[in-house]
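Both complexes shown next keep chain A, but they swap its partner, so chain B is in the first and chain C is in the second.
The block that comes next holds the complex of A and B.
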C-alpha cells in the first residue's frame, strides 16, 4: 500500500476517526426518520414480498388473459366442457328417437338436422363431448405421471440406467399408436378404464423424453450439487429439488399430449373400440353415420367439426402457454 | 485531441465522435416503467478513449445500445439526443442504420463465443463485412479479411480463415471480433467488457492489442467495464455512472489519483490493492445496494449509501459541478436556501455546471479525500485460528481423467497438498488448469481416479453419496454462480432450514437458521423471499450460510465472488474472513483474480495444465524467486497505480491441450525463461526456495531470484503469440 501514488484518503490503520454524518443534528433527525421508516418497512416486508409474488403471478395470469391465442382456445375448450356437463339442460335429448323425422335437413326445429333415427344432431353433437373429455384428460394425466417418473429417473441417474431406459423408450416410440391400441384393446376388451390406461401408456415415452431433457438441464445446476453435499437421497433431490423447477415444460407437454389424446380417443371410438350405441360420442357417430354421407351430410359434418374445434382449441391453449412461459 | 485541452467555447471544428445529450432511456417490463438512464450527458472527442465505469445495473450497456440504436424492443428513448460523428442517431432510416453500423460505429461484445456465428467459417464471417459495406467480390473480400486478421496479430491468418469459431481459443475469438469491428475503420469503437470472460494473461494480450491498434487507427473508443484497472490502462477520460446518472467525469489520471465523488472513492477502496492481505486491513465496502430500477430517489442518487451524506444531499440533487471550482459550494448554498420540497425541482440536472476539465455530482467534493473509513476488522493470525493443531486435510496423489470421445483429458495430475486448521489455501491458474476439478474431488462431487482425501486422520470415501453425514458436514462448498446456487423454487428460509436439519448438530433448528442468517448479515425479512427476489450478493451470503449450517471444518470456495460487483465482492470477502476468525474454519479458495487470492490466502498453490507447479506462503509465491509461470501471471494484472512501471511478460501461444501435455516441463512451450533442451526433455525437479515454498523448474532458486529481480530492461519480452 505504501508508496502507491493513489490518494485514497487516510490510512484506516492510522485514523479511523473521520468526518461522521451523525455530527450534524439535522442529519441525525433525518437518519432517525429513515431508521423508523425502515422498521415499518421491515414490519411490512413479509407482506411486501408476498405482494410481489402475487404481482408476478397476476402478471402471468394477465399475460395469458391478454393472449388472443390462449383465450380463443380457452373459450372453445370451456364451451365443450360446459356442454359435456350441462348439454341435457340446454338441448333436446340426444337419444330421443323420432322415426317420423329421420334424416331431416337442418331446420328451425332441428338446427343441425336429424339422423337416421330422427335424433336431434345438435343435441347429439353437444352431448358427444363427454366421453372424449373424460378419456383425454385422464389419459394425459397418466402419461404425465408415468413419463414424469421415467424421465426424472433417466435424466437424474444418467449413465447405464439412462441408456437402458431410453433404448426401451425408443422401442416404444417406434410402435404406431393406433395400431398398438387396437391390438391391446382387442386383447383386453374395451371399456373406459382400459382405453384411458392404453392411451396413457402409449403417450408415456414422449413425455418421458421431454422430462428427461428438462432434468438434464437442471441436474448440473449448483443447488443440486449442494443437495448432494448435504447427503440428500436421490428421490428427494428428484421430487423436491428438481421437479418444482421443471413444471413449465411439463405443463406445456401436457397440453400438447391432451390435443393428441382427444384425437386418439375419437379415432378409437370411430374404429369401434369405444362406447357402443346409442352413445352420442363423436367418433362413434361419425363411424355410424358415414353411410348417410351422401344423403344427409349434416349427420357427419357437425360431429366432425366439433371434434376438430376441440383439438384446435387445445392446441391454441398450448401455443398461448408456450409463448407466455418463454417470455 | 482530448477534451481536457479543448478550449472553452471552441468553434465547432470537428464533431465529437460521440455526443450524448440529456439522454433518458426507460424500459418497460411486466407493466412497469423503469427509468435506466436519467439525463446522461457525455462527449467523446475524435480519437479519444473514454472509459465508462460503474456497477452492473447502472446503465452502462444501455448507453452503448442507445448509441448503436440497438435498444431492446421494450426500451424507449424518452428525451435527449445521441450524435455519432455529428449524425443524430434517431434520424437514420432503417436501411441507413445498417450501413451506418460498422462504418461509423462498431461494437465488441463481452462474450466472443456468442458474437461469432458458430456455423460460419471465420473467413466468411470477416469477409461478409467487406462484401456488405464495400461491395467487394468474394476473392477481394477474403483477401481483405486475411489482412485484417493479420492486423489483430492472429497467428497464421490463412489457416484461421478456414476455421470455425469453436476451433479458436477465447482470446483468438475476441481478436476476430475486434478485427471485424475495425474492418471498415469506424469512427467510434464501443468495447463492452471486452475481456471479462478471459483469463488474466489473455486479457493482458487483448489490452496490448487494443493499445497497439490505437496508434494505427483513428477510432475513438468507448470502453465499458467494471474493471478500473482496464480503464486506467486504456483511457484518457473516465465517466462514472451510478443509477443512470454520471456522478463524476474527467481525465483518468486525475480521477484515479484523486477521486472527488464518494462513489468513485468507494469503488476504488473496494478493490484489494496489490499485495494486500487480510491480516493487514479489511477491505472497504459500500454499504447498501444499488437502488432497484424504478425505485423513487430523493435528492442525490447516492445519498442512501454515502458515508458523507448531509441533509442538503437528500433535499436536492446536486448538479455536475466543476472541480476544482466554486460551483459546488454555490450549488450547495443554493440548495440549502431552497425550500425543502423535492417536487419543486426539475427532475434532472444533466448539463455540467461551470467549465473546467472535470466534474463531480457532489456538494462536498472538497471533503471526499477525508471520507471516513469503516472500522477495520483485521483477521486474526494463523496461530490464533488454530493452525498449530496440525493438518486437517491431506490430499495425496490425486488424479482425475475425463474421456472426450477417444481423447483422454487429464484434468488433475498427481496433486498432493495439505491444509491446516483455520488456514486459507488459495488456488490460482488459468481456466482449464484443473482448479475446479480438484475442488470437486475434495468435496466428493467427482470421484478421483486415484488419490486419497484424508480428513483429520481418517481417509474419506471418494464420493459424497458414500460419505457419512459427519464427513459431509465437515467439508462444504460455496459455488460460483449466485443465480443457480440456490433452488429458485424454495424460500430462503426453507433452504437454510433443510441444510440445518441435514447437517446441524441438534438443538433448535429455527434458532440456528436465525443465527446463520445473522452471521452472514441477511436481514430476517429476506428469509421469506425466494432467491429470484434477492440480489447477487444476498444469494451468495445465503449460500455461505448454507455451507456453514453444520459448523464445517473446511469450506471449498470456487470463485465465490467472481460474478459479483467489486463492492459486493469486497463485502463477501470480508464476510469469509470474519467467519474464519470466528469459527476457525479452513478454506480452499479458488479464483482467477490474483489480488483477491493474495488478499484472502495464507498459502497459495499455482496450477498449470492439471499440475500444482508451485506452493508456498502467499507472500513467498507473490515475490521472487517464483515459478516463471507465476511471474508471468502476476505481470498481467492491470494496476490502478499510475506511477508503477511494470514490464508485462507475454506468454507465447495458448495453453496446450490437456489430452496431450508437453513433454519435460509442462510449461516449456510458453516459458520466457526456457533454458533449452533440458526443459523439453526432462521433467523439472521440485526446488525449495525457502522451507515450505516449493516450485517445479530447472532453474535453481538463487539463479531465479537473480533473473527476476534484474532490471526490467533485461527481461526478455516476447511479443504476442508465436
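The block that comes next holds the complex of A and C.
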C-alpha cells in the first residue's frame, strides 16, 4: 500500500512489504526526535505569538486603567454590581412594611425617606439594581451569541445566504425595538426569562450587522486564505481564525448593547411589562411612586438618579473602550 | 431626483407588506388562541369557539392576513372589542397628537444639537469638546422617564414654572398647547440630542480635513463664510441621515413620555391596547407607527439627496 496516499507514514519510500517503521527501534527514535524538534519549534513560535498577544493585552489594560472615562464608568457599575449582590447586608430590608412611617421625609433613621408603605427608600434603591443587572447582561450575551453566529455565517459565505439573512434582518428592524417588545411581552406574558430572551432576540439583528461588517473586512486576509488552503473546515476557519481577530469590535458592540439593554429593560418595567410589585426594580418603582411626586419626591427621585447613574456608567465604559481600541 | 423618490417609495411597499405580516403574526399567532386571550382563561370553551368563528380566527392564517390587510387598505380598520369604538378615528387622532409632540421636539432640538456638534467639532479635543460630547451623550442615554420625572419635579413641582399636565384645559387658545408641551418634549429632545450632536461633530471634523477647506481658508474667505458655506453644509449629510435612523428611538420615547405625562398619543394608545389585549387597536397602531417610521426615513433620504449634489444631479 506504499505511496498511494492513504497510509502516510513518516517516510513512504521506506515502507516496503513486511517492514513496519513503528517496529524498528532505530526508526522510532528518529521519529521521536523529529517530532520533538517540530514540537519545540512550534512551541517557540507559539510562545512568541503568545508573548506578543500578552504584551498587547497588557498595553490595552494599562491604557484602559489610565482612561478616566473608562475608570469612572467602571467604578459606578461595580458599585451597583456590589449593591445588587450584597445590599441585603448593608441596608434594611427593601420589602419591610411599616404603616406608621408612611411617606416620611429623609431622616437619620431613613436616609432616603420612606415610601407610602413605610418601606425604606435607601434599601429599595440599592436593591433595585438587581433586576436590571440580571436582565441586561444576560440579554446582551444572548444577542452577542446569536448575532455573532448569524454575522459570521452571513459575512463568511456572502452570496445568496448573506442576501437572504440581511433582508430578513431589514424587516426585523422595520419596527422600533420598544414597540416589538411591548407586542411580544403583552402577548406572551412577562417574567425574567421572557424579557431576557425578547431583548436578546431584538438586539440580535444589530449585532449581526456589526459582526458581518467585521468579518467581511477579514475574510480576504492571507491568514484566512492559508487556513482554507490547508483544507480547514469552514466552521473551523470562522471560529478559530476569524473570530479571534474580530474580538475588539465585538467587545465594543457588546458594551454598546449593554447600555441599550439597561435602557430597554428599565423602560419595559416602567411601562408595566417587567416584574410586578413588591419588586424594588427602579423602573417599576418610578412608575408606581410617581403619583407621590408632589408630596414625597424622594420616593421617585432616588431610584431615578440611581438608574441614571448606572446607564451613564455603562456608557462611559463604552466610550472609554472605544477610545482605547481605536488608537 | 423624482426617480430616486419613486424608487424609494416602491421599495417601501415590500417592506411594509413584510412588516404587516410580522405584526399580524406576532399579534395573532403568538397568543395561540385569539378567542381565549380576549375572553380569559375562565371563559367556557363554547364561547371561545364562537368568538373565534365570529372573528374568523378559525380560518387559515394567510387568508386571515389577506382579509385583514385588504380591509386595512380599504380604510375599514374594524371596531375595538374592548373599547367598543371604531379603530380608525381613534388611532388617527392619537397619531395626530403624537406627531405634534414629536414634531415640536424635533423642530426645537435639531438646530441646537447641530450647533453644539459643529461647535465641538471646530474646537476638537478641547475641554469644551469633551464637555459637550460627554454631557450630550449622557442626556441621550438616560431613559426618558428618568429625565421626565426629574424635570417634572424641578420645573412643575419645585419651581412651579410649567404645568404638570401635558394638555391645556378645553377652550384654551391654540398657542397655549405648546406651553403645555414644553415639559413632555424635553425628554424627547434629550433622546435625540446626543446622536445628532455627535454626527454633526464627526461630520465637521471630517469636512475640516478636506482640501477644499484649506483652499477656502488660503484664498482668504472670512472664517464665518468658510463655516457656514462649506463646513456646515457638508457636515449636514451624515447628520440628517442619523436623524432619520433615530426615529425608531424617538417613537419608543413617545411611548414612554406619553405614558408618563398621560398624553393621549399613539404611544399611550399602544401600551393601553397591549395591556388590555385589544388586538385590532394594537395591530392598527403598530402598523401606523411602522408607516410613520418608514415615511420619516424616506424624508431623511430625500433631504440627504437634496443636500448632496452628486445624488441630486445623478438621480
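What to note about this one:
Going forward, the second predicted complex is superposed on the first by the 271 of 327 C-alpha atoms of A that agree within 3 Å, B and C clash if a C-alpha of one lies under 4 Å from a C-alpha of the other, contacts with A are read in each partner's own complex, and residues count from 1 in each chain.
The working rule: contacts are C-beta pairs under 8 Å (C-beta built on N, C-alpha and C of every residue); 3 or more make two chains touch, one makes a residue touch a chain.
All of these numbers come straight from a predicted model, not from anything done at the bench.
Touch criterion met: A:312 reaches chain C, while chain B stays clear of it. Within the superposed three-chain model, A:248 lies out of touch with both chain B and chain C [touch as defined at top]. By the touch criterion stated above, A:294 is placed in contact with chain C alone, chain B being left untouched.
In the superposition on chain A, A:228 makes contact with chain B only, not with chain C.
Of the two partner chains placed around the shared chain by superposition, chain C is the only one that A:170 touches, whereas chain B remains out of contact.
Of the two partner chains placed by the overlay, only chain C lies in contact with A:178; chain B stays clear of it.
With the contact threshold set out at the top, not one residue of chain A is in contact with chain B in one structure and with chain C in the other.
The residues of chain A lying in touch with chain B in their complex are 1, 4-10, 12-13, 15-21, 24, 26-27, 30, 42, 45-46, 49-50, 52-53, 56, 59, 62, 221-223, 225-232, 241, 244-245. Note for the complex: chain B touches chain A at residues 30-31, 256-258, 265, 268-269, 273, 275-276, 280-282, 284, 307-311, 314, 367-376, 443-445, 464-465, 467, 469, 472, 475-477, 479-481, 484-490, 498-499, 502-503, 523-525, 528-530, 533, 543, 546, 640-644. Residues 15, 18-19, 22-23, 26-27, 30-31, 37, 134, 137-138, 141-147, 149-150, 152-153, 157-158, 164, 248-249, 251-252, 255-256, 259-260, 270-271, 274-275, 277, 282, 286, 289-290, 293-294 of chain C touch chain A in their complex. Within the complex formed with chain C, the chain A residues making contact are 69, 170-180, 182-188, 259, 263, 266-267, 270-273, 283, 286-287, 290, 293-294, 297, 300-301, 304-305, 307-308, 311-312, 314-315, 319.
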